[in-house]
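Note that the chains take the letters A, B, C and D in the order they are written out, and that residue 1 is the start of every chain.
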Amino acid sequence: MQAGAAIPTQAMAELSGLDQLRGLVDGRFPQPTMDATLGFRLVAVDEGRAVIEGAPTAAMLNPFGTVHGGWAASVLDSALGYAIHSTLAPGEYLATLEIKINLTRAIQPGMAGLTATGTIVTRGRRVAVSEARMVDGEGRIYAHGSCTCLLLAL
Amino acid sequence: MQAGAAIPTQAMAELSGLDQLRGLVDGRFPQPTMDATLGFRLVAVDEGRAVIEGAPTAAMLNPFGTVHGGWAASVLDSALGYAIHSTLAPGEYLATLEIKINLTRAIQPGMAGLTATGTIVTRGRRVAVSEARMVDGEGRIYAHGSCTCLLLAL
Amino acid sequence: MQAGAAIPTQAMAELSGLDQLRGLVDGRFPQPTMDATLGFRLVAVDEGRAVIEGAPTAAMLNPFGTVHGGWAASVLDSALGYAIHSTLAPGEYLATLEIKINLTRAIQPGMAGLTATGTIVTRGRRVAVSEARMVDGEGRIYAHGSCTCLLLAL
Amino acid sequence: MQAGAAIPTQAMAELSGLDQLRGLVDGRFPQPTMDATLGFRLVAVDEGRAVIEGAPTAAMLNPFGTVHGGWAASVLDSALGYAIHSTLAPGEYLATLEIKINLTRAIQPGMAGLTATGTIVTRGRRVAVSEARMVDGEGRIYAHGSCTCLLLAL
């Protein structure tokens, strides 16, 4: 646990993952700094499901002037991880082992209304897998992917 | 091609991918904005190989206070894409279809000396694949992965 | 197109992908030989969706005596590819660029009732992506994954 | 551990992974049944590295008459897993969590001289990652990929 942690170690020990994430949504815990840097935030969470809204800007472009693939990867990584995080018992935490992202449509700076929803696929005792999709208001898919997380005890 | 493109459309039409990237390295073309936002930059490029140096800061943290997985994904996405970009003929460009990243060691804010090297694996007429690793000065691997790109004509 | 092709070149030129696959389901075209070798077969297909049933045997074991991961990968590769195949116009074909499979539960030889369903995620002009899950009769997920295909003209 | 296990439970408890695999190479342990079914076998192993030779036949075709993608996935899954297996201490075993395979060149039935080499990328206490490539005698790459394994105690 680092100085810049949005979720304090004590909250991780005492709260379920779902309650920790509710604390992010309702502002009891500060936003993780990456979220502000890349213009996204967790807006809703249930057990096994997390929703992130994001709005990429001209500060997040690749050499060709469209939004860098790392932006979608970052947003999906959060959605994927939070979907699993929401299933943690007090005292559990997770480490993301791998993420796999398909980039299916170019994202333009200034686009609004992009939403990434992560949902759990399988949740074992030691390993969990989730998947996520990023869509716009018309349901067009801009990116989607999956991740594998290791579940650990504090 | 967008307003914020680091590589102008004319350069894409007239220069090889390798020469375009050399223009990024030596400053003839401006850095892509994502690179400044996330603290990394292309420092060396050859045909089929690209090297990026990065230094994550406290502005790029996940909820637990370590560096967000999206940071490594963004750096590797650039290294992977540039390795393929360096093989493009004038008038060709690429679209990244998918990236797959393993996160093998936690990255701390303030770490210096992280280097990601992308190398081409296969390069066909329509599709290319590359792989990349991010290591520190002692050669420890923090993340690695691969990507698949579609090759297109302007 | 090879000597051992289950779908003749003429059928690929004249029939939609969906009609080609219906020919596999109803027996007008012979089963691909891999299906018999590994004990699975396409049992249902709609546009954008394909269902495979499989029953692994003692001829498909890894060194530890459970079913080799390649069995699930083969079944899912078929389900993923067929889901995209079902969207092809006459004269189109596909090349699978990559598959990514999570193995979430050990598969035992002799298990019956394993079903893998592939569904399309995105379908562009040149590239399509699908995902698939393998479940048993109780809905437990044994493996799932995604693939990226390139779409080509004969 | 199942009835059809090539590596007996006692050998897993008493031998290092490397010695177990040497037993497969030199014939002290029987080949896993999948290897015979799909025409491949482990031919060499060192710590962190495993080499498989395979020869696909007309019994392993997809609907188009080329070799099914599941064949390369099966061979690479073995090469990837064995590379990690070769690092196990007595009493350790592994579970493959995910594999990711790029299929870069069509494989024809009857091709000889295909070799898949798996090598370890990172090896932690609980998780290991490996990568593998399948090449022919001229070094052309037909498939390559990576896997993530969980390490466990018997």
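In this section, a contact is a pair of C-beta atoms (placed from the backbone, for glycine too) under 8 Å apart; a residue touches a chain by one contact, two chains touch by 3 or more.
Since the model is a prediction, treat every value here as computed from it, not as a measurement.
Should one ask which of A-D and A-C has more C-beta pairs in contact, the pair is A-C. As a whole-number value, the distance joining the C-alpha centres of subunit A and subunit B reads 22 Å. With centres set at the average Cα position, the gap from subunit A to subunit C is 31 Å. In subunit A, the residues that touch at least two other chains are 97-98, 100, 102, 127, 148. Taken as a graph of touching chains, this assembly is fully connected, with contact between every pair of chains. Against subunit B, in their complex, subunit D makes its touches with residues 100, 102, 104-105, 121-122, 124, 127, 129, 131, 133, 141, 144-146, 148. Those residues of subunit D whose C-beta lies close enough to touch subunit A in the complex are 97-98, 100, 126-127, 148, 150.
Looking at the complex, you find that subunit C touches subunit D at residues 1-7, 12, 20, 24, 29, 32-34, 36-38, 58-66, 68-71, 73-75, 77-78, 81, 85, 93, 95-103, 106, 108-109.
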